[in-house]
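Chain nomenclature is as follows: A, B, C and D, assigned in order of appearance, with residue numbering initiated at 1 for each chain independently.
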Amino acid sequence: MSENISRRDFLKLATVGAATTAVLTGCGPASRYIKREPYMQMPEYTYNGLSTYYATTCRECAAGCGLIVRTMQGRAIKVEGNPNNPVNLGKTCARGQATLHGLYNPDRITGPLQRTTRGEAATEGLEWDAALQVVGDALNNNNPDEVAFLMGMAPDHLFDLVSDLAASIGAPAPLRYGVLSMFEARATLVKAAEDLFGQATLPFFDIGNADLVLSFSANFLETWLSPIAYTRGFSKMRRGNPKRRGHFIQFESRMSQTAAKSDEWIPIKPGTEGLVALAIGRLVAEAKGGTVPSSFENVNLEDIASLADVSMETLEHIAQLVAEAESPIMIPGGSALGLNNGLQTAETILTLNAIVDNFGKAGGVFFSPLSPNEDEIHRPASSQEMIELIEKMKGGGVKVLFVHGLNPLFELPKALGFEDALASVPQVISFATFPDETALQADYVFPDHHPLESWGYQRVATGAEQSVLSGAQPVVSPNYDTRATADVLLAAGQLAGGAVAQALPFQDEIEFMQSKFASLVSQVDGSFSAPEINTFSAYFQQHGGWWKKSAELAAPSASDALGKSIVVEQAQFAGEGEFFFHPFMSPTLGEAGANKPWLQELPDPTTTVMWNTWVEMNPETAHELHIENDDVIKIISEAGEVEAPVYLYPAIRPDTIAMPFGQGHTAYGRYAAGRGVNPINLLGSHFNEAGDLAFAGMKVRIEKIEGKKQLLSRLESRIGVYNEGLEEH
Amino acid sequence: MIRNFFEWVMGPMGRIAVLITALSLFSLAAFGIYQTQVPPEQPIQFPHNLHVRLGVQCLYCHPGALRGPSPGLPTQTKCWGCHQQIAKTFDPNFPELSEKLVGYIERNEPIPWVPVSQVPDFVHFTHRPHIAAGLNCENCHGDMTQVEIAENPQVMNMGWCLNCHKSRAADDPEKFTKLTDCGTCHY
Amino acid sequence: MSIDLNLVGAKGAIAQEAEGKWGMVIDQDVCTGCQACVAACAMENNLSFVGEEDAGYGRTQHWIRIERFWEGAYPEVKSTPFQPMLCQQCGSAPCEPVCPVFASVHSQSQDINLQVYNRCVGTRYCANNCPYQVRQFNYRDYHLDPIHANEVDGQLVYPFHNQFNPDVTVRRRGVMEKCTFCIQRIHKAEDTAKSQGREVVDGEMVPACAQACPSNAITFGRLDDPESLVSQMAHDERGFKHLEELNTMPRITYLKEG
Amino acid sequence: MAVTSKYFPGAEKGHETEHEEHDPRESLMYDPKPRGEMNQMVMESMLTTSCKFWVVFCMLAVLVATCFFYAWGYMIAEGLGVAGVMRPSYWGIFLVNTVFWIGISHAGTFISAILRVMKAEFRRPFTRAAELMTTFGLIQAGASIFMHLGRVWLAYWLFPIPNERQLWPNFHSPLMWDLLAITTYVLGSTMYLFLPLIPDLAMARDRSTGWRKTFFKTLALGFRGTEGEWRHLQTAMNIFAFAIIPVMFSVHTIVSWDFAMAMRPGWSSTVFGPYFVLGALHSGMGAVAIVLCLMRATMKHMDYFLRAEHFDALGKLMMIVSFAYAYFFFNDYIVQWYGGDKWTDALLHWLEEGPMAWMFYQLIFFNIVLPWLTLWNRKIRQNPWLLALIGLLINVGMYWERYLIVPVMLTINRMPFTWKLYEPRIEIFLTIGTFSLFLLFYLAASRLIPLIPVWEVQEGQMTHSLRKVGKTQVPTISEFE
């Protein structure tokens, strides 16, 4: 009873009472006080609840879109597009939005690491001074010819620095590679332009002003070249002109997100894009009544129609449209070029543009302008060039390998044998920000800042009409004990001394960047100019880059193209099997998005699958094979085999199966590791004339794994979406 | 049985028991409410009244109130701006200064101030419009010339907000809807 | 006071003004279904990701989702135009009258549907009654799941929490949530305009989805201002509203393909 | 014997005569026993407990502790993620249970109030058992409602309590009406349960010792059976009997409005009110049959009080109710089908061909076909076990009906992109929990209060007598009621 209540009990009761009152008062007074830790000497504007905005560059892919990051109290809150940057004009894609999930990813590498046995998670930390020493020695003690630099796709300041570094010590120039460049077959596109117009450059397709777009499996709304810019163009093509609505036809064996927006999707047989282009070219030329170009003259339409599995009527109807269109444009896309006849296909399609004579006209084909401080196009390495490096590594020709911004163990097909090659390299130094597969195989990991924490600039290869140099700057102070790779290399260069120290006499990467701006400072045709370099680089950071005021699109010459004779032969498909294999880049994940949970949770635009890999298969085919949704099947190619659950995809050729690239990591953090499979391991090492991997040139067979199901997480309903009502649930 | 109980209650022991029970329950509730209102322990016993008397404006140390949502808490550099020129700072008789403040400066550590006037995180309070509406700091935070350590003069709960909002918008129906709209503070 | 609030509720139930204040136009002809709006919304509004299992079980926290359906069979198969579906901010919202505690109320000043998180007790009646199925429920404290945390000297540290937008409440388990037309941005814009003694100009305030949309498919603005872009586009002949027959008076106009 | 002597002077004699001449009808009313003996029988039925009883009791207690309290606490701590609710089925089994238990609770009031008002004689022995069902059922219903709240610790916001936020609940919301109606019903029916209990408690008080005596003494409120007390009691009971009937009808109508007021295909139907009330009675009658059968089987002397005639009457009631139910059932579906709204069509397709179709057909069989086939037969009606079995199946059918109405109908909405089927998770345990709690209450009650309103039975027997007219005996009812 309450007469003999001890003091302790009373206090107990009292606290209970306190708790209950706190609860009962609902949104009454805040009963818990928060201790706030202000920054050292924090500038006032950071702690009055107002946000600060910094302009920088998105580095989720190589397109070089400008960003404006909202920060508050030293934290990055939200990513928005930079409205001034000509590439994206204030827009961002999903991957750009999710950059923050990289910055604040719980799996980031927090400091320099040393690994005793490769492949094991166990590491021991070391100081940055020691790290610098390691890099310095690596540069010094090795025969320059045996030092190799492997870098990401983006042509940024670090690439320039490494090029200079390599040149100064006489090492081979750094290689830039990205699986994205493989999927969009950049090398082939550039080579085609070189063959046709004698100028190695990326064509720029002005679909914004076109009224008819023929896309040969170009996924320009997803990841192709510069998706934001091309999406803007698409929007303009459709709705930009109130009088007319642009017509859009997509040739592709599977209805991609891009094809889903087309007015006509024509599922031609894989590998026949070039032939179809030839046929259309002839029909158009005849319809226009002009002279039919030599290479198009003797084309057997019926054969092509039957080969491509498309009716003559369709071909004629399309040719009719093209002939009547004011400004038609034809675009060669990744999976059309990723074949052994890819180069010919690319040339044919570009020539098709010549037939309708849209070069240099609004809604036609142009050359992408070079970046301001760029002398010639530096395209990323083709797979062929990677093979050369791999052979060299295998032969023991590489003593130390520097890897930055690239995850070759994930992005290169197993068949290319990078894994073994890596094993035969004595010293591997990775600058990875995240613990990816390659970093796991590296002896040293000297983590770079996350892009949002680092300085830099990035050249825009294509997408904008004018020449653009996007600028990057840190929006937050580094979260962890990371260091900018450029600084590491510069410091290490000083340690190494000799030629390197002379070639790169810079204190830090900012000085280096300024040295690269020098030519731009006083240029008047730019977005801004400055009296001297410091002001210039201040503006540079403020505007998020430097770009020309006016468009600088050069026009290719039609006559060169028409003059060239093209022979398109049949595409060869490697391996035997009843299915064409169509790997494609996941529109939401991209090549490196798998460790960002919100990208994982974004439904794939066409299948609405989240968090996993699937195999797309035509329902009829599946029915014949007694395969249902979510049945796990084994896909076997000459190079390897993977297991993945089936998604019955109504819009894919019955003789084709498709798989998205992006999942299937064995490392790369808690959200990516052990999730889905990596279709790239099904690809064999076959190349086209331009040296690009013939990734679309595989045939595979499938085996159903009896009784094994894996429920795919779909956003869409399994009942309502197919209008098939209640068959499946 | 009931009757017995009532008789016992009516008896002297019963009355005492009832009294004690009632008192303990009451004090329990009182203590509970008090618990939610005690001002927190501050790293430095900062005498507001002294500074105000010396003529330091509120907005000097809490400048954010004029422009943005939160007024901000001064960093040690701000304190140091004045105090490094004040002899008293280094006078050992004033440990709060000569030890604590100087200590923070020497260790170059931030001062972990504890904000006193807090609203829960589902309330989005902005100082700017309130200052713009002609309110002064003391209207809500009390007269700082009277208190040493800052503490809440009143319970900052929704009823308190609404009373002021309503009284100030009584004559203007449009303003009234805006000021009593849930979405004005909760989103 | 109760009377005022009852009026608010009643206003939601029998909306006088069909026009509305804030509105949106979504052009399905140019929407490429790229999910940029979904990601932008998630980043702006502190949406929590729920993981593979819950996502597959219909518990995704997307405030905006992109729908597409299939028509016909191969090779004449066609996917219907991508259709972003988000809270239609109905003028006469079915979700409002059914909430027993006024957690789902009509904002008189902004004329949008509010969800007052701290008032919500989680009856989920509003979600049942929403014909658009755009209200999401917090089934767990997803953002406090230890699997997102690192252990730093004995304490769980959630790096993702650094990114939370301080202008938006982080919802705990058991409450309903939905698209707010980025009301925090509306407030910011109005506050800025007021501090400069002017009205909010058209296009000054855009929600995160419209801001990100690469194909400019989403337009946002004042419907009660005939000059504004959105109110002009809303009268486009391609325009239609979803489930108008229910007389919910949606504030979002969709422009159909072609 | 203070209770009855006043009313029936010389009743012993009358009873003797009745006892001597054999009455052909197997009727409780014409088969009186000495009141002392009868009271003793009731007391014994209360006091004699086998070890079986305690085994069952403990099992139920364990079930309640784990499936009800622990599971609920776990769900509160984890959030509703551990339950199966999702988009679009935001309401799961919790609402099913609520509706089901409210339905169960209806039979009690129906039998004890309406039949009392109608002066249906066969009601007498089992009014209390039925009335207990009302109270206990409503407790489960309330618990289920609170279970389904996302933030149950703030449930008090649903009640109109003055607060510093100056906010009131929204009286537009059907949930609000629901809450008020159920609260009223709980209070009303509990009091209505207690009033007729008083004389029996007094009786028990006079016949028990030890803690039971104090217990009954406290509850009996010192009832001594004076004329004034009887008069007051009768008045009070009549008032409550009449007052509780509209409440009973309104409650389930209002519960049905939770659905009928919502803009969902399949839900917004005007017939839902009476449909739900009939459904409630249907399941309630079934439940009564089960309870009576169990009482008769397990408790001592019950075969005297509960006879074939009572089950027979109950069976007839069940059949009549199932007729009415069938009418409203088909009304609901046919009208909706006739409406031809495309969403409703999709919904009906979903019900008839979807994965839950088996439930739909079982519902039709158990609730309509089965009673119609069997209850015609007097033999079946009079067999307690068969009737209980039928009652059980009817309840299964009714549970399916609610399950179809809540989660399964919620699957189909106006946004086909979100259609998805609900799967119960922790709800299953919570459902088991509520059922065991219900049974536990019953077990406790069976040992704590007389389940047979013995004074009513005696009253009935007093008022029925066989008078000699010429050579034959005719049953009569004395005018005293």
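Operating definition for what follows: a residue touches a chain if its C-beta (ideal position, glycine included) is under 8 Å from a C-beta of that chain, and two chains touch if they have at least 3 such contacts.
As the structure is a computational prediction, the values presented were derived from the model and not from experiment.
Two chains share more touching C-beta pairs than any other pair, namely A-C. Central chain by Cα centroid: C, whose mean Cα position is closest to the mean of all protein Cα atoms.
Mean C-alpha positions place subunit A and subunit C at a centre distance of 30 Å. Taking the mean of the C-alpha atoms as each chain's centre, subunit B and subunit C sit 35 Å apart.
Centre-to-centre, using mean CA coordinates, subunit B is 55 Å away from subunit D.
If you average the Cα atoms of subunit C and of subunit D, the two centres end up 45 Å apart.
Shared interface positions of subunit D, defined as residues touching 2 or more other chains, are 154, 157, 163-166, 416-418, 420. Touching two or more other chains at once are residues 1, 60, 65, 67, 69, 102, 118-119 of subunit C. Those residues of subunit B in touch with two or more other chains are numbered 120, 122-123, 126, 157-158, 162. Listing the residues of subunit D that touch subunit C in their complex gives 78-81, 85-88, 90-91, 148-152, 154-155, 157-158, 166-176, 179, 258, 261-264, 410, 413-418, 420.
Listed in rising order, the residues of subunit A touching subunit B in the complex are 1-3, 5, 10, 13-15, 17-22, 25, 27-31, 33-42, 44, 47-50. For subunit B in complex with subunit D, the residues that touch the partner chain are 1-2, 157-160, 162.
Residues of subunit D that touch subunit A in their complex: 153-154, 157, 163-165, 346, 349-350, 353-355, 411, 416-421. Subunit B contributes residues 120-124, 126, 128-129, 132, 162, 177-178, 180-184, 186-187 to its touches with subunit C in the complex.
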